[in-house]
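You will see two complexes here that share chain A, one where it goes with chain B and one where it goes with chain C.
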Partner chain A sequence: MTAVFLVDDYTLRTVALGAVALGAVGGALGTFAVLRRQALVGDAISHAALPGVVLAYVLLGTKASQWLMLGAAVTGFAATLAVGGIVRTTRVKTDAALGIVLSVFFGVGLVLLTWVQRRPDASQAGLDRFLFGQAATVLRDDVVTIAVVGSLALAVVAVLWKQLKLLAFDAEFGASLGMRMHAVEIALTALLVVAIVIGLQMVGAVLMSAMIVAPAAAARQWTNRLGPMTLVAAGVGAAAGAIGAVASSEVERLPTGPTIVLVATAIVIGSFLVAPRGVLVRRLRARRARSRLAAHAVLADLAVLEDGHGGVAHGHPAATIGVMEEADATTALRGLEQDGLVRCDSEGNWSLTERGREEARRR
Partner chain B sequence: MSAARGPAAIEVTDLTVAYGEKPVLWDVDVEIPQGTLTAVVGPNGAGKTTLIRAILGLVEPAAGRTLVLGSAYEANRRRVGYVPQRGSVDWDFPTDVLDVVLMGRYGHLGWLRRPGRADREAALDALRRVEMEAFAHRQISQLSGGQQQRVFLARALVQDADLYLMDEPFQGVDATTERAIVELLRELRSRGKTIVAVHHDLQTVPEYFDRVVLLNVRLVASGTVEEAFTEEALRKTYGGRSALFGPDGR
Partner chain C sequence: MTQGQLEIQAIAVVTAVACALVGTFLVLRRQSLVSDAIGHSVLVGIALGFLVVGSTTSPLLLVAATLTGVVTVALVEVVTSTRLVKEDAAIGLVFPALFSIGVIVVSRYAEGVHLDTDAVLLGELAFAPFDRLEAWGWDFGPASLLLMGAVLAVDVVVVAILWKELKLSTFDPALALALGFAPVLLNYVLMTLVSVTAVGAFNAVGSILVVALMIAPPAAAYLLTDGLGRMTAIACGIGGASALAGYWLAVVLDASIAGCIAACCGIAFALAWALAPGRGLLAAARRRSRQRLEFAQAMLAIHLANHEGRPEAEVENRVAHLGEHLRWDREFADRVVRGAERRGLVVRSADALALTERGRTLAHDAVTR
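Moving on to the complex of A and B:
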């Protein structure tokens, strides 16, 4: 019993480490893809990686995941070149070019995969793990690969920080400074390919692009600076990886890859709601501003009404003020009453207090 | 205006630029002496922005050559400051004012170095010169159009250049900002700098600038405002429409 538990634990640790690494790298690189409005490029790369996996197996005759990842990287990168080529030479726009390339490469990948699987020898078994991902097949060596390659990618991001920032914000200005923006763009694409390829075995070609987009989208809600956004995105990706890996090991038959993606999505939704830039907080702030504005207007209305009566304190029912504001003024009046700026007599007539009068004049 | 300060700030010879088959600039020759304030004027699609971009080496010309301060742009890059159109970037980008201004130092920093204390001082100083120092840590999405333009100007100022190329620096700014920018441009000129700006408001050309380049794919006229900014040249530039003071002269 104890032995089984230890084995389980070991597997979980391996899977969780791999998931954390791929989540962090995907999140960091995804920041730049999302800010450049190129979230779909990640989708094209991950789908286009599938034929590369099968081709690497067929041509090299190995199932070692390092070689399969290399194949995936080659076709993934080729797909981005194809998109660029289509946009440059035809009148097809980028979104359509991405759609074409994504489906053609993925289609070819599926055909190749089916063909390989029909061959009589059984050595191909398990190649389809790259389609939807299968965390259980991720071994210690694979995790080492993911961690090493991923760390290298992050190191390159750190070195090229200024260039990448300018590429995303103002590429023309960067070019005017003599930066080779085209080369930087190619470098970023290559890094994105790396980030995607290292996650294929665990998350799969179909879902991997979510690990590029989701952490960055969540991070954007929390911060207004590029550095923190990149770090938060990496953190969100890592957290999604860890939580997803643990959750799927606790619950039987819960697939790891999709669980990781769902956790990332949940973080995105949560961020949209509660983060400083999120919907809820912005709504709340807008409402507070509106009510402050309403109180302001109501105070002014009372002052005007008072002037109409020769400046003597004179009460008016809430309805009168409501008509002036074309809205119900009761809430605003009650708020002002709490601040001691207006008072209400026994007949429900509202008038300014001494302080309220001063305040109205001051405003 | 004497031009006896070494080579021309800009020397454009037989420049032709085409996007696809459509020529955007056709056989354009322009010479701009140092220490002057020049407006580049012409209707939409006249190639004004393309001229700036060609000088900066951002577009590959089909023919002709451009010299900046006497040499190829690459050789004198660090002596040139650039203010792109305000609308060319995403102002919702996650960064603050100081960080954008610091980008002007990147050309001096080289590949690996990060902006240091001296760069930060320079950036704050540039923000002071455009009266934006209070906004140093403001998120850029919270800026008005005029403030955005001032930030871009500050970024060019920290480039510490001898020649400034500006694409519509007065586009969509308030009157206060416009006056502040003119003030700044004059101050730069008084220190021997050269400024070339794409400009849309024909009425202010004689007041703000001392030279003008009239462009409509071909070069129509180039020279001091007195020589080149004539009714006839304007009519030629804007194709017969009464350009000066007319509704089309925006």
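Moving on to the complex of A and C:
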């Protein structure tokens, strides 16, 4: 059903392709933002894009999306410079600098938008789609722009791979090798701006930052290596884009942007639970370690009892061992029995087997 | 000025002061972006509250929205505590997800009702005076003014009662914990205040501009003073002034009031950034240029002391020669010499320079220090 739709429905195909492209680019670049603890820079950039969109419309008099994207990129980049400037030259910390820049830029954007909207002609209609995103208005040309610009951004990432890796993990070492880490940082910020700007139309300024953070946060749980993490993040972003776009077209009145974000969030939650670093795996591993430790202790207790009784193989009820361990020993004893290290006679008394004795001595 | 205009300004000022009051602590505790997170997730509280209550005016909506704000903070802390991602990423995951749920709920179940995402996000102060509280034949004034007044009162009372505790847990959380002040509980009290304030304010200025009101005035105040009491007062003053200036800017431009208030908050911060006494960009530039001159004057004194009483002194102590020896251009050399004369380090006769006793001491101190 879905597959048929995907091939047949022209609008859906356009939207889905665009969502896949922006998800992949956002995911790949988000990897670096998340690793550098700059997850919220994306939030500032996407909010700061609003005045750029309106300014581009006012100054250039066009609503062609590539020009609006250019305007968004200019103010988005200016916002990152402002954040950097505030943090470098004042004692205001990054969090407050981000808050100020994102809200003030957005406020200025709102002023410009309302000012433009009150002009007599109606040609400005539709600019506000950049606030919340409106996938239905995405055209084939827009998707081509997203794909071309996004591929360029990814190509730059490939070329600068070594430098970006150093920037993410050990910028000082990079600088000591003679690399101009400041220039690399500016390049990365510019790439991040590109990744955000191409998604604005579809997801909107308010939610675009999630497309930077979520795929990378999910990918981080599956691997400790930068290369695989970047690929997984791009894959998660693309998958979220595709599933979100399809779901929102299948179900009535399900807005595309929020749906894509929720799909990405669901993937993050899943990764948090079941990935190798995830909560469930960690809990399982802890439980296994605990039970192994308990078994060791019980085995040692039996050996001590045996020594106390002059080395004669002599059974003891589980309760005795329970008292020694100050815990119920039955589970641990059953586990050891399965491994053939202890045995239980007909009266419920436990004693070491030959192998169990060896094992206890060896430890 | 009409009564409506007065009322709008009153709402704006009360909102700004309430936001600046709680925002001061957010800025100092490096939790500024909590305001962003709460501002966005308020939508889902209002939307879900609307689904349950079926009305857009019920006070229960405000309770639901406030709870959502606190839940947002708790969720961020749960995600951070798994140590799977850092705190910034946790914030960046939680609030877009909640906001998305809010948008979906609104667009699926609340279409056609007076509840749209634009209103929550952007606010519309211009209509606030039309929504009035009338009871027993009396007109008590605009509902948002009464609401924000109550919110401000709660903020003031709680902050006043917990002043010492908040101060300590903000500046020295370890000591606060050691003294048994329960920093976690305090944090949730503060977060509840932030949430209540954000919920009250979104009506007036919209949820994104709540961030501007909560963060920019306290950050500006932070550049102007070192005392917490003074910082709080200045932040409230800047917030109130930005609200008034923003209102009139909006009247002149015929544009969004909330946007103009945010822009004015930005201008206030930029002014503090540039002009703050001792810390601003201007003060720093001045300090640098003064240090450069003082250093140059010391160089001049050392240069003259080196050649004093020697045969080459005739040539070396001429102002015109400094350019060659110290690599100063003529203009800078003149400035340095004039400054040194004023400080009584050198005396000039015709074009020749001679050290005074003070200048000799300075040169001696500078090279032997």
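Keep this in mind: the second predicted complex is superposed on the first by the 355 of 363 C-alpha atoms of A that agree within 3 Å, B and C clash if a C-alpha of one lies under 4 Å from a C-alpha of the other, contacts with A are read in each partner's own complex, and residues count from 1 in each chain.
By definition in this document, a contact is a pair of C-beta atoms (placed from the backbone, for glycine too) under 8 Å apart; a residue touches a chain by one contact, two chains touch by 3 or more.
Nothing here was measured: the structure is a model prediction, and the numbers come from that model.
Overlay on chain A: chain B and chain C fit together in the combined arrangement. Set against each other, chain B and chain C differ in how many residues of chain A they touch, and the higher count belongs to C. When the two structures are aligned on the shared chain, A:V268 is found in touch with chain C, with no touch to chain B.
Of the two partner chains, neither chain B nor chain C is touched by A:D307. In the superposition on chain A, A:R220 contacts both chain B and chain C. Of the two partner chains, neither chain B nor chain C is touched by A:D328. Of the two partner chains placed by the overlay, only chain C lies in contact with A:A210; chain B stays clear of it.
Using the contact criterion defined above for the overlaid structures, shared-chain residue A:T90 touches chain C, although it does not reach chain B.
Within the superposed three-chain model, A:E354 lies out of touch with both chain B and chain C [touch as defined at top]. In the superposition on chain A, contact of A:I100 is made with chain C only, not with chain B.
Contacts of A:M229 after superposition on the shared chain: chain B is touched, whereas chain C is not.
Superposing the two structures on chain A brings chain B to within 10 Å of chain C, judged by their nearest Cα atoms. Where the contact sets of chain A with chain B and with chain C meet, they give residues 220.
For chain A in complex with chain B, the residues that touch the partner chain are 35, 159, 161-163, 165-166, 168-170, 172-179, 220, 223-226, 229.
Here chain A touches chain C in the complex through residues 34, 37-40, 42-43, 47, 86, 89-93, 95-100, 102-115, 118, 128, 131-132, 206-207, 209-210, 212-214, 216-217, 220-221, 253-255, 257-259, 261-262, 265, 268, 272, 277-279, going by the rule given at the top. Looking at the complex, you find that chain C touches chain A at residues 26-27, 30-33, 35-36, 40, 79, 82, 84-86, 88-89, 91-93, 96-97, 99-101, 103-104, 107-108, 111, 117-118, 121-122, 208-209, 211-212, 214-216, 218-219, 222-223, 250, 253-256, 258-263, 265-266, 269, 273, 279, 281, 284. By the touch rule above, chain B contacts chain A in their complex via residues 53, 56-58, 74, 77, 80, 82, 84, 88-90, 93-96, 99-100, 103, 106-107, 109, 111-112, 114, 139, 141, 155.
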